[in-house]
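Can you read through this structure? Questions will come right after.
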Amino acid sequence: MPLVKTPKASFAQKLKRFFFVDLIKGMGLTLKYNLGAIIDKDAVAGKGIYTEQYPKVRPDVAPRFHGAPRLNMDPETHDTLCIACNLCAIACPEDCIDVIAMDVEIVVAGKPRRKKVLDEFIFDTSRCMFCALCQEACPTSCLELTQDFELATYSRAGFVWNREMLEQGRETVKYTS
Amino acid sequence: MLLLAPVDVLNDLLLRFFSDETVKYFIWPLIQIGLVVTLVALWVAYATYLERKISAFIQARLGPMRVGPWGLLQPIADGLKLLTKEDFIPEKADRWIFFFAPYIAVASAFIVFSVIPFGPDWAVIADVNIGLLLVLAVSSVGVLALILAGWSSNSKYALLGGLRSSAQMVSYEVAMGLSLIGALMFARTLSLSGIVGAQGSDSIWYILYQPAGFLMFLISGIAENNRAPFDLPEAESELVAGFHTEYSGMRWSLFFMAEYAAMVVVTAVATTVYLGGWYFPFVYRLEESGYHNLYVLVSVLVFLVKASIILYIYFWLRWTLPRFRYDQLMDIGWKWLIPSALINIVLSAFAVFVLQALNGWRGIQTIEGLDRGMNLTATGKGIMIAFGLAGLFITGVLLARINWRSRDFNLKTQRRNIRLVNVPKGKPARA
Amino acid sequence: MHQVEIATTQETLLDSPEMVLNMGPQHPSTHGVLRVVLRLDGETVIDLDCDIGYLHRGMEKIAENRMYTMIAPYWDRLDYIAAVSNGLVWVETVEQMMGLDVPPRAHYLRTILTELNRIASHLLWLATHALDIGAITVLLWALREREEILKIFERQFGARLTCHAWRVGGMPNDAYDDFHKDVKQFVNNFPKRIDEYETVLSENRIWLSRTVGIGVIAAEDAIAIGLSGPALRGSGVAWDVRKSRPYAAYADMDFDIPLGENGDTYDRYLVRLEEMRQSRRIVDQALENLPDGPVNAKLPKIVKPPVGDYYHSIEGPKGEIGCYIVSDGTAQPWRVRVRPPSFVNLQALRQMCIGHLVADVVAIIGTLDIVLGEIDR
Amino acid sequence: MLNFFIPILAFLFQEQSWLMRAADAAKRPDLSKFLVIGALLFIIGVAGVLTRRNIIVIFMSIELILNAANLNFIAFSRYLQDNGSANAVAGQLFAVFVIVVAAAEAAIGLGIVIALYRNKETIWVDEIDLLKW
Amino acid sequence: MVLSGYEALFFWIFALAAIFAALLTVMARNAVHSALFLISSLVSVAALFVLSGAEFIAGVQILVYVGGVMVLFLFVIMLVNVGAEEMGREEIFNKQKQVTASLIFCLLLVGGVLYAVSQGYPALQAAQTNKRTPEKMAADQAERDRSLAVGATGTSRITADTELVGGSLYRYASLPFEIASVLLLVAIIGSVMLARTLKQEVSADDVDPETLQEELALDPELAKLEPRVE
């Protein structure tokens, strides 16, 4: 074992080591924490204690959190905001978005015109890495990553979200006890 | 007097069905054993809860909170979970030994409780001649469980853990036994109740006479129980789980129980020998006023409180200190604890000699009597306490001198020689 | 990947002076899926071999099939403990290839957030290192402070671990409203916390005896192996990319480089602790001088760097993390190569471990601060 | 059939029969029983030493022999104590020394086993047949 | 000395246990099982010690044998793994002739010892000066017990036996005691020396130069082991 240089100890240092000051200081700190947690009346409520009692108390996630995807709808007409431009699918590094559009004939100013309308929107959350590139690519702020983070399902198929799920959102899981 | 009359009523009831001798020698001990085993098992279960809570509070966490109020039912839930888990036996394990090792561990830990004096009179199962020797002997059998478990699992980590633990426990047993001898010189008996009685009649705790012995006993006890900072046999960061790597479910929980029970044993012995056991000033007034059973109960309570304080030290140390390395552990055992225990024996013997000499030659009254341990007068006590403190210091200095060459654990300085340099920007530098 | 020869005959402990012990890939203290094959004499290590690749995901190959903007989230997965720094090296390399001018506010924010990430990474290192040596309480204390940083990350980037923090040309969002307050609060509280770790560890004789003189590597060897980061500075070499090739806003910052003397585990421990203090100092400075303005440069619709190759490196928490990109002028890189600090640092393991005990191997793996995601890529 | 056994049983359980005397003696084990147990242990130990090939088991058999001796020491010590001998605990003292010797013997013996195993790579006594190597 | 009542019952239980465990020790195929049976035999013998009033020796027996010596045995068994024996590939007993011869010898020994005991015991009883009936002896014993201090539970007496043993050990047997301690010291040092490998000796710079030269020819690796310097 190679040796390392250690400077010569001063008498005070030796004395400190002799009386185990180093260990006692550490022990004192842990004792302080322990007593603090016991004496502090608010300890259990969460002050000074950093535990999150997750299923019991849902944590507040930040407004910018990238969670479960959602397709936003116009709050008044309840029409989808999606214009089926496919930009999100292009921007996605993981290719987990499929935008299926259909052509509809509509009449604009008396002239019949063809317009691309969203038919189905497939979002594979099992492959998504929540990088939010799709959200940034969306020109109409339709596709949004929400703050819902409980995405577990019992089957692999459950990870593939269709348009209905994306628009309605999933039911938030409720935990008892 | 009427308080706790049921005990007497039960005694009368039993006497109606059985002969006097059967009741005295057979039925009451059985009842006591049942009570003690139940209580100790409960205490062990809640020691795990306490440990988890204490560690949580030290670490700014909450600990178990889900099962019952403040997680109070957690130990029971854990026990149920462990009971229902698969009892896995590796294919190439030695089945029989793998089966029996946990039982040896639990048995060796629980048998010791038969001689622990939890209190006066009926609060102790058996008061045997060789109480302290029996404690040491039976708890030394616990090593077998560990080494057999490690060997029979047929796994390298388990074997290494088993070998480590056997080496560790065998070496620390020596220090543990030797450190108790100083206190025995004052108690003059091996019976644990006798030791408590000696301290009670002298109205002193032997920790005052023997601070060095107490420290050594505590350290070697912690090492003997494989608890941090000496938890080498099951160091999870090195040996995965040591000797119980391959154990699961019930058998694993038996090992767990054995560990905690052994901890309670060490705390109980430390309390008995050094902290006066169930003796506490002024509690005997209860006996004088005739509340015998209440007196016993309060004594038991005193004992439990004292033991709990030492148990807290266990938890406290575990959650503060890092772990030793294997060679350092052996160093501490052989180069520090055993020599210091020997020095302590010599110093205590010298102190006793000085006391006797003062009593005999100089005519200073130091010894009151020798019937229940060594009863000292106030002068004698003062001299003894001074000797105890001096012993602590002398032991430390002597050991520091003996081991000054030892690189691992000497009085090394704090080394804080890192430099801070502010290198000019844009220029790779070599300092 | 090489195969490790393991004796197959049933040997007893005495038959062969050497015992082969497989540490990992499932072992609590190899920090992931690292497999270390130890050759032991009793408990002394006489030789060891690392077997890596259990976490290989083909990052560099994936990068060849993605557009420049899409690759950044993958880079977070290299060293997932220091996702912010990793993201920075990618976007800065692309920016330098494109010759983009990133606004100063973005530079300053990048400095603050990467330094916070450095603190977070060092805290996790401290936590696991202390855990390996057996001080469990420090683990949770350190994670508590890391939680504060991760909360800032979550508010700023929308994710805690793999943040996808940067975009080519700047940042996805400006700093959130309470950013200044949160960071300031952290900066003010943090020195007290480091003092607490030091109280428990720095002078503790058990900690000293477990770390002093363990895993010593001399400055010459460290340079020869190519170590970087605290592992190199612990041996006394003043090499820090933040100083030698300043990027982001580091040129405006005033900070010191801590240097060890003996190159042992304890020195590296002290160096990392001091680095946390210096990082805090940088964060403080950058926060004081945070300029106003936009956070994004003007960016073409499709990022298409000119033909050529480019190497850029930054000082990650683990060491110098570099990125080498060969562009053929299309929207996808032709070849990407990462210089992973953990991978290079791991190479010192053998030299450091030989002659030590098994327990020291654990401590040395801890002190190297490796992340397997980066080693296997 | 029963008629055949009854005389035999009657013979066996008559007042002063060999069996009854044995049963009576078994109810009150005295010194001789201790000595017999000790002798049996001793003989089992001797048989182990003579027949086993594994040197470690041979060592264990030696421990058995020493224990048999200890048992005799203790039994005689108790016997003397009951008969009011002057130095009644001499047997116990001897037992202490025997245990000490056994411990020393085990340490040295096992050291020899390890050294032997290193050189000869065997623990079978019939393969350790050289006087010098 | 006559045991009666529960004591007699326990005597037979432990005696039979000791003998069966001893038999199994000798006959077990696996050395670890052998050691375990030996441990049970030793514990049973310790119980017999307790029955004959030598608690101290019983405690020492368990402490030293079970806690120390047998752990050492297990240690060595695990070091020299006896796999072949376990698998039944190797014969555990010696060759037939030797086994037969030794068994015959043992039988003779059994006969001889039993004869000696049965002949010698009546003579011992006859030589007894103060002839007492077992009942009288038990009464005497009870009388003596009554003079002793009562244990905490009131069910046991704190005898002075251990004190007596200690006193004799340090007064009458102090020289043998010292010799025994020296013997132990020698045993410790001896076993340490015996178990050292050449490598360890070389690294401690503890080898005769000539021997070292010879060994170097066999194993050139040794030259690399520098004597360790503090």
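Labels for the chains are A, B, C, D and E, by order of writing; each one numbers its residues from 1.
One rule holds for everything that comes next: contacts are C-beta pairs under 8 Å (C-beta built on N, C-alpha and C of every residue); 3 or more make two chains touch, one makes a residue touch a chain.
Keep in mind that this is a model prediction, so the values were computed, not measured.
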{"item": "Among all chain pairs, the one with the most C-beta contacts", "value": "D-E"}
{"item": "Identifier of the chain whose CA centre is least distant from the whole-structure CA centre", "value": "B"}
{"item": "Centroid-based (C-alpha) most distant chain relative to chain E", "value": "A"}
{"item": "Centroid comparison with chain D (C-alpha atoms), farthest chain", "value": "A"}
{"item": "Interchain centroid distance [CA atoms averaged], chain C/chain E, Å", "value": "59"}
{"item": "Rounded Å distance, chain D centre to chain E centre (Cα mean)", "value": "10"}
{"item": "Between chain C and chain D, centroid-to-centroid distance (C-alpha), Å", "value": "68"}
{"item": "Where chain E touches two or more other chains, by residue", "value": "56, 60, 68, 72, 75, 78-80, 161, 197"}
{"item": "For chain D, residues that touch 2 or more chains besides their own", "value": "114, 117-118"}
{"item": "Chain A residues counted as touching two or more neighbouring chains", "value": "6, 17, 22-23, 26, 29-30, 50"}
{"item": "In the complex, chain B residues that touch chain A", "value": "54, 56-62, 65-66, 70, 316-317, 319-321, 396, 400, 411-415, 417"}
{"item": "Chain D-touching residues of chain E, taken from the complex the two chains share", "value": "1-4, 8, 11-12, 15, 18-19, 22-23, 25-26, 31, 34-35, 38, 41-42, 45, 48-49, 52-54, 56-57, 60-61, 64-65, 68-69, 72-73, 75-77, 79-80, 82, 85, 90-95, 98-99, 102-103, 105-106, 109-110, 113-114, 117-118, 121, 124, 128-130, 134, 137, 140-141, 161, 164-165, 168-169, 172-173, 176, 180, 183-184, 186-188, 190-195, 197"}
{"item": "Footprint of chain E on chain B - complex, ascending", "value": "24-25, 29, 94, 96-97, 117, 120-122, 124-130, 133-134, 136-138, 140-141, 143-144, 147-148, 151-152, 159, 162-163, 166-167, 170, 173, 177, 189-191, 193-194, 197, 405, 407"}
{"item": "For the chain E and chain B complex, residues of the former touching the latter", "value": "30, 32-33, 36, 39, 55-56, 58-60, 62-63, 66-68, 70-72, 74-75, 78, 151-156, 158-159, 161-162, 230"}
{"item": "Chain B residues touching chain C - in the complex, by the definition given at the top", "value": "55, 58-61, 156, 160, 228-229, 231, 235-238, 240, 318-328, 407-409, 412, 414-431"}
